[in-house]
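Here come two complexes built around chain A, the first alongside chain B, the second alongside chain C.
Let's look at the complex of A and B:
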C-alpha cells in the first residue's frame, strides 16, 4: 500500500475513486453492476486508441492521425467486402486486413517523422487530412449496412449482463477482453522488456539514445508498427461494437485529443515518464466515467465538455509538486505523492 | 606505454566544410590528457568520431590495437570508450538507477529487464564513487553536478578504459570542480585514461598530465606525460595562432563630473552600504568570491532588482534608485548579463534582429510604425563596429560560437549609445581569441567614447587586462580598492585574496 501511494498514478487513481463516490452518492444507480458494464463497454474503443497514442507519446512524438488510420483501415476492409457482396468472412482475416492497412499507414508516418525529420504533429496532421480526403474521394462516404455476420456476432457476443433498477439492461461485450489483453501485453512490453525501455529512452532524448547504442530509427519503426496494429484492432472493434454495426468513414476523427488527454492525465503533470500503461487506463476510465454519468446525476449534456475540462485540470494540478503536497494534506497522508 | 586510441591523418567534412583536416592524436593507458582548442576547431567532431557517433571520411582509427574502417557507438562502448557530453546524454524521464544501467541493458541484448539487478548494481556503483543519493529519483529533478555524477557512474559501470569529458566544468561551482577532479584522479589511479576537453586554461593545468592542442581540424601541439608543462601564453598561441599583447588599460582623466556615483546602496542580505564613483572613460572592476554580492550589485545598478536603501547619481544629478530596467535605460545605462543564453539574446532570431532588439523603439513614429530605412542604417553601422568571424546577419544567433554571441550582445547594447556600460562576467565560456577581442573592445569604448565601464568578474587576468581600478567585495561590502598599475598577475591575485580573506 505504501508503495502504491508513492506511484505517480496514485493521485489520479484517488481522483477516480473520489469522482465515482461523489457521483454514486448523487445517483445510486451509478454504483451498480449494470453501470460498471456500461462503463467497460464505452471504454473499450477509447482505451484501445489511447494505448496507440500512448506508445507514440512514449517515444516523444505526437500523432494526430491515429484515429483516422484506425477508421480508414477498418472502413476500407468493410467497404471492400460490401462491394463484393461478401457476407460470410472470417473475423480474424478482417482483423488482419485492417491491421495490415494500419501498419502501412503508420509506416508512412514513420517515414515522414524519422526519415524526413518532419515535426510529428505537423506530419500526422497531414496524414489525417490526406486520409480523410482519400476516403471520401476514392473509397466511399456512405454507411455500410451489411457487414459480415462474423463481425456482427463478435459485436453482440456478451460475457455478462445486468440491469439497472429501471429494468434497462447493459452487457459486458467480448471485446473488453481484447482491450484488457492489449493493456496487459503492452504493460509487459513497456515495463519489463529492454525494447520497452528503449522506447522510453528515445522519448527522453533521442540523441542520448543513439549514444547509448540504440538503433533509434529501427526501434521507432517497430514502435510505429505496434501503433499500426493497435489502430487496426481499434478500428475493427469500433465498427463491430457500433450498436447498429454501421461503419462510417470518419466517425472516429475528432477523438484524437481525448486519447491524448487520457495519456497526459495518466503520466501526470511532471511529464517524467512520458506515459504509462496503467496511468493511461485510469485516465481513460476517468474521462469516460464522467462523460457517461454526468447525465445520470442531472447535469445537462452540454456541460459535458466543461466538466471534462475541469477534471483534466484537477487531475493535472493534483499531480504537480505543489498540488500533490496539498492533496496529501487533504487526504491526511504525510508521504507526498510523487 | 600502450596506446588506447590512435588516430592518424583523419579527415571528416560536413556539407563540404572540413571539420577534421588530417588530425593525428594518441592517448595512452592511465593518462589524463587535455584536448584544447577554440570553438569550432574540431574538438567535438574528433570526440564524436572516436565514439562512433559520426563516421569519418578517411584516415586511420586504431582502438586497442584494432583498426576500424568505421565504428558504431555500440562497438566504441564495447571497446571501453565512454563519452560524457556537455548535456550528459541522460534520460530525464528515467530514474538514476535506470540511467546508470541503461547502456549495459542495451548492450546485453536480453529481452527481459531485471529491475532488481538494475537497482542493486546502480546502488553498488553509487557507493563506490561515494555519491549519496536515492537511485529511485528521476533525473529530471537533479542539479547539473548531480547529473554529471550520474553520467560518470554510468561510464564506470561500462568498465570504461577511456573516459572522454566534454567541457565538464562549464556549469560547476569551484567546489564541485574540485570534487570532480578528485574523482578523475581516482579513476586514473584505477587505470582509466581520461580525455579532458576544455578551454579553461587554469583548470587544465591543474589536472592534466599531457596536452593535445587543435586548430582548424589539425593537431598543432602535443606533449606527453613527463614533458615540461607549457605556459598559458604558449597554449593561447597554439590555439589561436596569434600572439596577444598584454597591454594594460591606462585611464586618462577626462573631466571631474562622475558618470555614476553610488551612495550607501543596500539590498536585503546581498550587499550593504556600497559607495563608489565611476568616472567617464574609466573601467572599474568589481570582484569577490561567489556570493559576495557582486552580481546583485550589478543587477541593482541596472534596475533588475530594486535596492532597499541608498541613491545613485548620474552625471552629478541625484536620480534616487532604479525601480525597473526602463529607468536605468533612460539614463543611458547598458547591461550585458552573465548568462547570455537566457538573458542576453534571442537565440533563434537572426543576428541582425538581435542587434536592433534594444533600440527598435527609438526608431518608431508616433503611430508605432518603424522607420525601416533609418533602422537598417543603424543596424549596418552597429554591425561594423567590431569584427565577428563567420557572421551572416540573416542567420540565427545560435549559429555563432559563445565568444561571438557575446560580441553580438555587446553590439546590441552599444547600438543604444550608452554612457555607462555594466558587464557581468563578460567572458565566461568564451574562448581565448574572442576573450582578447572583447577586452580590447571594452578598452576602446572607455578611451575613444569616454563611456564609464563596470566589469564584474572573478577572473583576475581579465580585471588586470581591462580595468584601471578594482573594488573587492566581501560579504556584501566593498573591503578594498585596488589600483592596477604595474603589478604582475601573481601580485594582483595575492592582493585580492588578502582582501577577500
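Let's look at the complex of A and C:
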C-alpha cells in the first residue's frame, strides 16, 4: 500500500476517486453500475487514441495528426466497401486494411520527423491539414451509413447491460475488451521489454540514447508503426460504435489536445517519464467522467469546457516545481519533491 | 532602414518571394479575373483576420513558445465588446453617448487581451509550464468563459456606426486592412528597432545564455504573450466590426492556420528567428491559393489540402537547403552576406 501511494499516478487516482465520490453524493445515480457502463462506453475511443498519442509523447515528440489518421484510414476502407457495395465483409480484414493505411500515414510522419528533422508538432500539423483536405476533396465527404454487417454487429454486441433507476439502459460494448487488451499489451511492452525501455530512453534524451548504443531512428520507426496500428484500430472501433463512417468526425479531429491532456495529467508529479500507460488511462477516465457527468449534477453543459480547462490547468500546475512544492506543503509530506 | 538592402537578399525572403510570385502567376494564368481590382479588394477583406492571428503567433514563437489561445482570446474580447455595444444600441443611445460606449467596448476588449496575455505569460515564465500545454489549458478556460457568457449563442447588435467600418474602404483599402498594415509596421518596428525585439530573439535562441547575460527572461516572455493577447483582441474587435457577430467558437481553425502561416514565414518554431517580411509573403501566398481555388470553384477542402502540402514542402525544402549548405561546408554566418541567395 505504501509503495502504491508513492507512485506518481496516485495523486491523479485519488483525484479521480474524490471526483467520483463528490459527484456521487450530488447524484446517487452516478455511483450505479449503469453509469459505469456508460463511462466505459464513452471512454473506449478516446482511450484508444490517447494510447496512440502517449506512445508518441514517450519518445519525446508530439503528434497532431493521430486522430485524423485514424479517421482517414477507417473512412477510406468503409468508403471502398461502400463504393463496391459490399455489405458482407470479414471484420478482421477491415481492421487489417485500416491498420495498413494508418501505418503508411504514420510512416510519412516518421519520415518528416526523423529523416527531415522537422519539429514534430509542426510536421504533424501539416499532415493533419493535408489529410483533412485530401479526404474531403478526393475521397468523399458524405456519411456512410451502410457499413458492413460484421462491423455493425461488432459495435452492437454488448457484454453486459444495466439500467439507471429512471429505466434508461446502458450497455457495455464488446469494444471495451479491445481497449483494455491494448492497454495491457502496451503496458507489457513499455514496462517489461527492452524495446519499451529504449522508447523511454529516447524520450529522455535522444543523444544520450544514441551514445548508449540504441538505434534511435529504427526504434522511432517501430514506435510510429505501433502508433499507426493503434490509430487504425481506434478509427474502425469509432466507426463501428457509431454505426456510420464519416470523413471528419468532430469528436475526434480537433480534439487532439484532449488526448494530450489525458497523457499529461497521467504522467503525474514526476516529469521523468513522458507518459505512462496506467496514468493515461486514469487521465482519460477523469476527463471523460467529468464531461459525462457534469450535466447529471445539475451543472449546465456550457460549463463543461471551462471546468475541463480548469482541471487540465490544475493538473499542469501540480506537475511543476512550484506546484509540487505547494502540493506537498499542503499534504505536509517531506521530501516529496525530488 | 539601412539594413533593407541586405535583408532583401536574404535567402529566406528570396525563397518566400519566389514561392509567392510563382503562386500568383499560376493563379493569374488559371483564372483571368484573378488580378482584377475587385478580387484584390475582396482578398483585402479576408486577409487581416489570419494576418493578425499569425502576427500574434509569430511573436510568441520567436521566444520559443507557442500560443494556442489566440483565437479564444479574440473571441472573448469580441463577445465582451459586442455585449457592451449591444447594451448601448438596445437602450437607444446616440451621438456622443453611443460613441463613448463603442470606445468603452473596444477598451474592455483590449483589456481582456492584456489580462489573458499577461496570465499566459506569467504561467509560462513564472510557473514554468510548457507553453503549448499552458496555453492549451488557458484557451480551453477562456473559451469556457465565452460559452458561459453567451450560452453558445452568437452576440450581435453592435451599432451600425461601428460595423460600417468593417465593410468600407479608405483610399481603396478596407479599414481592416489598414489595421493589419499598422500592426505589421508596429511589429516590424518592435522586432527590429527596440530592445524588446532584440531580447525576444536572444531569449528564443538560448534562454539560459540570455538569463546569464543578465536579461530578465521572464519579463520578455510576459511581454511577448502580452503582445499576442493584445493583437488577438484587436483581431476579435475587427471580426466583430466585419461580421457584426461574436461567437465563442468562431473560426477555431485559425489557430492551426496561424501556426502554419508563421512557420511558412520563416519563423523558427524553436525560437530565435522570425521575419515580418517573410510572414507577410507567406500570408499573401496562402491567400492567393485560397482565393484562386475559390475562383476555380474548387472546394475549400482542396485549399486545406494544398496548405498542408505547402507547409510540408517548404519545411522539407528548408531541410534540403540546410543539408546542401552543410555539405558544402558553408557556415550559417555566410547567409547574411547574401552570397547564398539562391
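To be clear about the criterion, the second predicted complex is superposed on the first by the 304 of 338 C-alpha atoms of A that agree within 3 Å, B and C clash if a C-alpha of one lies under 4 Å from a C-alpha of the other, contacts with A are read in each partner's own complex, and residues count from 1 in each chain.
FYI, a contact is a pair of C-beta atoms (placed from the backbone, for glycine too) under 8 Å apart; a residue touches a chain by one contact, two chains touch by 3 or more.
All figures in this text were calculated on a predicted structure; none of them were measured in a lab.
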Which superposed partner A:141 touches (first chain B, second chain C, both, neither): second
Chain B versus chain C as contact partner of A:299, first or second or both or neither: neither
First (chain B), second (chain C), both or neither touched by A:121: second
Greater residue coverage of chain A in the superposed arrangement, chain B or chain C: C
First, second, both or neither for A:205, with chain B first and chain C second: first
First, second, both or neither for A:214, with chain B first and chain C second: first
First, second, both or neither for A:104, with chain B first and chain C second: neither
Touched partner set for A:36, first chain B, second chain C, both or neither: neither
Chain C residues touching chain A - in the complex, by the definition given at the top: 66, 68, 126-129, 132-134, 136-145, 147-148, 151-152, 252, 256, 259-260, 263, 269-270, 298-299, 301-309, 311-312, 315-316, 319
Chain A contact footprint on chain B (complex, rising order): 51, 53, 72-74, 77, 83, 85, 87, 89-94, 98, 102-103, 105-113, 115, 138, 140
Residues of chain A touching chain C in the complex: 62, 64, 112, 116-119, 121-123, 125-138, 141, 254, 257, 260-261, 264, 300, 302-310, 312-313, 316-317, 319-323
Chain A to chain B touching residues, read off their complex: 191-198, 200-201, 203-205, 207-214, 270-274
